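Let me begin by handing over the structure; questions about it come next.
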Amino acid sequence: MFKHDKQLLKDVRVDGPNPNYANMLQEQLGGPQGELKAAMQYLSQSYRIKDPRIKDMFLDIASEELSHMEMVATLVNLLNGHQVDAYNTTVGNIEASVLTGLTPMLANASGYPFTAAYVNETGDLAADILSDIAAEQRAKVVYQYLYRQINDSGVREAIDFLLNREEAHNTLFRMAFNMLEETGSLKDWGVTEDSKQYFDLSTPGKFFDANNLTNPKPPKFNIPNQQNTQQPAGIRQ
Amino acid sequence: MFKHDKQLLKDVRVDGPNPNYANMLQEQLGGPQGELKAAMQYLSQSYRIKDPRIKDMFLDIASEELSHMEMVATLVNLLNGHQVDAYNTTVGNIEASVLTGLTPMLANASGYPFTAAYVNETGDLAADILSDIAAEQRAKVVYQYLYRQINDSGVREAIDFLLNREEAHNTLFRMAFNMLEETGSLKDWGVTEDSKQYFDLSTPGKFFDANNLTNPKPPKFNIPNQQNTQQPAGIRQ
Amino acid sequence: MFKHDKQLLKDVRVDGPNPNYANMLQEQLGGPQGELKAAMQYLSQSYRIKDPRIKDMFLDIASEELSHMEMVATLVNLLNGHQVDAYNTTVGNIEASVLTGLTPMLANASGYPFTAAYVNETGDLAADILSDIAAEQRAKVVYQYLYRQINDSGVREAIDFLLNREEAHNTLFRMAFNMLEETGSLKDWGVTEDSKQYFDLSTPGKFFDANNLTNPKPPKFNIPNQQNTQQPAGIRQ
Amino acid sequence: MFKHDKQLLKDVRVDGPNPNYANMLQEQLGGPQGELKAAMQYLSQSYRIKDPRIKDMFLDIASEELSHMEMVATLVNLLNGHQVDAYNTTVGNIEASVLTGLTPMLANASGYPFTAAYVNETGDLAADILSDIAAEQRAKVVYQYLYRQINDSGVREAIDFLLNREEAHNTLFRMAFNMLEETGSLKDWGVTEDSKQYFDLSTPGKFFDANNLTNPKPPKFNIPNQQNTQQPAGIRQ
Amino acid sequence: MFKHDKQLLKDVRVDGPNPNYANMLQEQLGGPQGELKAAMQYLSQSYRIKDPRIKDMFLDIASEELSHMEMVATLVNLLNGHQVDAYNTTVGNIEASVLTGLTPMLANASGYPFTAAYVNETGDLAADILSDIAAEQRAKVVYQYLYRQINDSGVREAIDFLLNREEAHNTLFRMAFNMLEETGSLKDWGVTEDSKQYFDLSTPGKFFDANNLTNPKPPKFNIPNQQNTQQPAGIRQ
Amino acid sequence: MFKHDKQLLKDVRVDGPNPNYANMLQEQLGGPQGELKAAMQYLSQSYRIKDPRIKDMFLDIASEELSHMEMVATLVNLLNGHQVDAYNTTVGNIEASVLTGLTPMLANASGYPFTAAYVNETGDLAADILSDIAAEQRAKVVYQYLYRQINDSGVREAIDFLLNREEAHNTLFRMAFNMLEETGSLKDWGVTEDSKQYFDLSTPGKFFDANNLTNPKPPKFNIPNQQNTQQPAGIRQ
């Protein structure tokens, strides 16, 4: 069950209305690396997770991403201002002026509506977590681009928070990944000859070769300075 | 420049026509974890890569994925048989019978056309490679599902090959990832307080906590049994 | 902020796995009249609502729809069973077997991914609430179709609950609608000649005519047996 | 059968070419509240309607919406002018300059192609008419936004006409709705306990409560000043 | 302006309900080679056509395609029968049972909603007419596939009519094409060296070569047995 | 099998970065008349082609279109420059600044992602080749529009080359078309009365009439100045 608290996860403010900034920020509301995508991906994946520790972590993060989405939408809403005027929007889409009456839209910066085609779920925990680590890294990158281009102290404060939270999630997903045994798609990794070949199909240039693939191992993250990666604190199961 | 050799990367055959198997296999032709997606993702990402070793590797793999796509399409074509008859297709979409005249279609098993919304590219090498590692893992999982359900010795041979190649690519992408310095989205990782918090938003249950996040590090893969991960063999740049 | 309670809004169970039923039920997970759509529509609209009573109601209902989505996804997950086998799915899409590993998918019964193109938001409260009343009515209809076709006592219990909740929301949205003054798109209704014409463009047949349009009024719902429609109980603003 | 008369339903003109205005107006050609959507929704719904009076009304309005689409497309065509030049289009999409050679496009203001995902049809007359009333209200809102932003006397004249016609349709759909008996999705309304609950899931704030839901009734419109709502004039069936 | 006549362009009937046939036929209602696509393509293109003879022909054919769409939808409606039951639909999508309540849907056989991405329009008359000739040929092919697979005498009668009408349109479009002077995209055809090269990029095999390209000419159709191709009868401009 | 040569099919350069030009050129990377579409259409169609001469020609052209795509992507990449800044993009989409980090995107000028809904394939060779002739003509038109609007000598040089290559392909496809016998969708052309009617559904105006349709023939191209159209040089089969 989801419950809503009218208090935002972290309060947001803007220096002033700026429909162009609103448009850019839309990218993280309804785009492929956005908050709705993240929330839906983790929530969807959680249904098949058996380990209660990892399932809980997925649901914690999914809920947080929904709360991020609310923060981003609130920022877009403030930036959209009070007057429909397509001419105020010199970059990106103009749907706020001609369709939504300034309401934040579940679309990216160019007006392409959110699609669940962005959401990756496989039923295989290793593949799902790797997808999530990658998703968090991409979300961080998009926030970095937005930070550079949006010269509004309120928006930057929020982006700084959101960007750092993606890092925290990234760390958590890696910890969860390292807890996996060699099951599912991690089983029998690299035991065939085919998995040890290098096909040099683009010429000229051959920098990697088959010697590097002699003893392929399934992916595992190196988290040297962290304690407890095999035994997460607080397991009370 | 792309050149085509009428010889397949690896020859394929089927036990006999089976439109249902054709349909299932379509998933890897035009679906989100399919070969066209993989080829387009790596090719698109390659344009911004500066390190000639990694760029070459991306183009080698992109070309191989195009060649995989051709193998999968050839299998679908053989499995589609010789007679348009929607009643032969009891699972999945029926476009082969009512639209494409049995020609392999750039769509998934349910007839949803390929969309570039599946393709992730960020201009940030760390994020792109993590996306590719995840994509390879997901592709492997889908091939595992198909292998279990398609009882045709020819198709299984091909899937076995393709699945193992995804593992090889996975290994290569991880090696490339470990060559990255802490630049781009890997810079200044986990230096803020926000990046070390755990928000326990789903209750009951709290298995991970903030202690685990004390010294967050950017992602790095553990590839213990491989030689030369920092100095790939064969660099002749 | 959204918080998650691992307790479902109402517990669900199924008589047993049935991938076909899972497929049908997907319609209300990721389809145009589904729970994700409802949640996203009401949440998005809420950002521009000024009346705190109506805004609160929208957020109450949006949260409930998210919780409905979780119930539906849990049912789909149970119905999907434990074995990927496309042949088990004789109706609808086969993505659960070839892509998601039985994980519930944000797509409709035919595998078309959820799109925010389903979500209507206009920034005009009258138009938004009428959209919501219509959405609730359509959601009820789809549940009625599913109820008739899914012969599983657990699923039927859940559908019965969900269907009745859509009625409750429908009533609430109508009460909120009747609270609106004649502002926004309700202002100056029917004052021109053009708004009182009937164009008889399909022949033969003319059953409605201009006399019926003499004194057009903006929409208002007739809720005769309800007390307090103008003064909702519990206003403590 | 559809027949075409080269005479527009109402003649249109523009003050002069203005690609930005053309772009904005595209929203009502190929967008979610646009004329093609309206025509397709009413036409599609009409196939299952049994009451000849209501069926006739749906076909009258569907034909009119097609004729509206032609008016809007003619306006877009005039506004697009005579020279492909993307730099003339500072707001919205640039497809007219780089793809369609200034031909009106079945897309919204941001270039997103029309999709039938916008079209709602349920086979249930009550749900369909409520959808249509909401659709007309949203169309009116979008025209109001466009009117404010497009400072061209010809376009405004046309919008004024179109906007008022949406009001006329709205009135007609409400009259048709009130003719429905309590069948289909209107049957057995609000007879369960579940349909009379209020779930207060967003806190703080509780303005509506269960007392308001004591005697829920199916929707009915209040059309006090209209004669003949139960007996539409001109029924000659 | 479009007017509707309740008389179909040609009456249709079916031997009996058959949801599978309904599904297959959907391909020509909302698919890429379907009637809605054809109508929208010709109508959209017509706005930029200056030659009144060709413009009239486009509008004649566009209106006919709309009327075809109505015939196809009526057939689908009859074939859908009277009972929502997804199990009746063993091939193709099940939206009629779980979403539209048996109402014909603007989607293809697999449930993919109609998209204007199917519609080609360029503002260049030569390119547009070639697109239309190709579209008519494809539509004919799809109807041939459907004819073979749908064993219902009523549907076959209708398909036979529709298929032959596509041929008539095809002939007309070719006559119109031959009326074009060498303007627009037909101007200065094949005057550069680049337009006379053959690049042999797929090996082995080289069957066409540059000698064939020595004197390239713009496309022109050979219509030997037709009178009056340069001077269409009935020109009264 | 596809092999990649790091040498472009033809070298490209730009006068300097220009994100607006980059955006316009995107149309031919991921749009409906773009290079990816062309490559995928010809490759997909090739699987069902039996005549080795025509199959080879399709694969030669498909490989060339992939190589064109690489040229266009390289141009977009150069034009995108070195700095993410949405304000540099006053026309078209801003995804390069907020999502892809200046990497070329498989989307059109307005940011709509490439979809395989653009790809036409029917399994009927006549319909497929007519589709390809039309596609080449449309691609030429789009390049002509881009040439006029992009004032960069490097880009114009490349467009000039690409545009002329489309002409060469167009000629080749017509030669291949003329090699077809009257089979498949060309068989029994115009033998019914229905295929010889003209329906005058748009009034006023009747410029074409039934007399023109007396002896309809299947399409055939007139290539008067070309030698060897029935016997392509170099057939060594």
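Chains here go by letter, A, B, C, D, E and F, matching the order in which they are written, and residues are numbered from 1 within each.
The definition used in the following text is that a contact is a pair of C-beta atoms (placed from the backbone, for glycine too) under 8 Å apart; a residue touches a chain by one contact, two chains touch by 3 or more.
Because the structure is a prediction, the values reported are computed rather than measured.
Of all chains in the assembly, those touching chain C and also chain D are A, E. By number of C-beta pairs in contact, E-F leads over the other of B-E and E-F.
In terms of residue-numbered contacts, A-D and D-F present the same interface, as over half of their contact pairs agree; the other options in A-B, D-F or C-D do not.
Centre-to-centre separation of chain D and chain E, using mean CA positions: 28 Å.
With centres defined as mean CA coordinates, chain E is found 36 Å away from chain C.
Taking the mean of the C-alpha atoms as each chain's centre, chain C and chain F sit 42 Å apart. Shared interface positions of chain D, defined as residues touching 2 or more other chains, are 1-6, 9, 32-33, 59-60, 62-63, 67, 84, 90, 99, 101, 110-113, 115, 117, 122-124, 141-142, 201-202, 205.
Shown here, the protein chains touch in an arrangement that is not a line, ring, star or fully connected set.
By the definition given earlier, chain contacts exist for A-B, A-C, A-D, A-F, B-C, B-E, B-F, C-D, C-E, D-E, D-F, E-F. On chain B, the positions that touch chain E within their shared complex are 1-6, 84-87, 89-90, 93-95, 97-99, 101, 110-113.
Interface residues of chain E facing chain B in the complex, by the touch rule stated above, are 20, 23-24, 27, 31-33, 90-92, 108-112, 141-142, 145-146, 148-149, 201-205.
Contacts from chain B toward chain F in the complex involve residues 1-9, 30, 36, 40, 43-45, 47-48, 59-60, 62-63, 66-67, 70, 73-74, 77, 84, 99-107, 113-117, 119, 121-124. If you check the complex, the residues on chain F that touch chain E are 9, 32-33, 52-53, 56-57, 59-60, 62-64, 67, 115, 117-118, 120, 122-124, 126-127, 130-131, 133-134, 137-138, 140-142, 144, 160-161, 164-165, 167-168, 170-172, 174-176, 184-185, 189-190, 192, 194-202, 205-209, 211-217, 219-229, 232-237.
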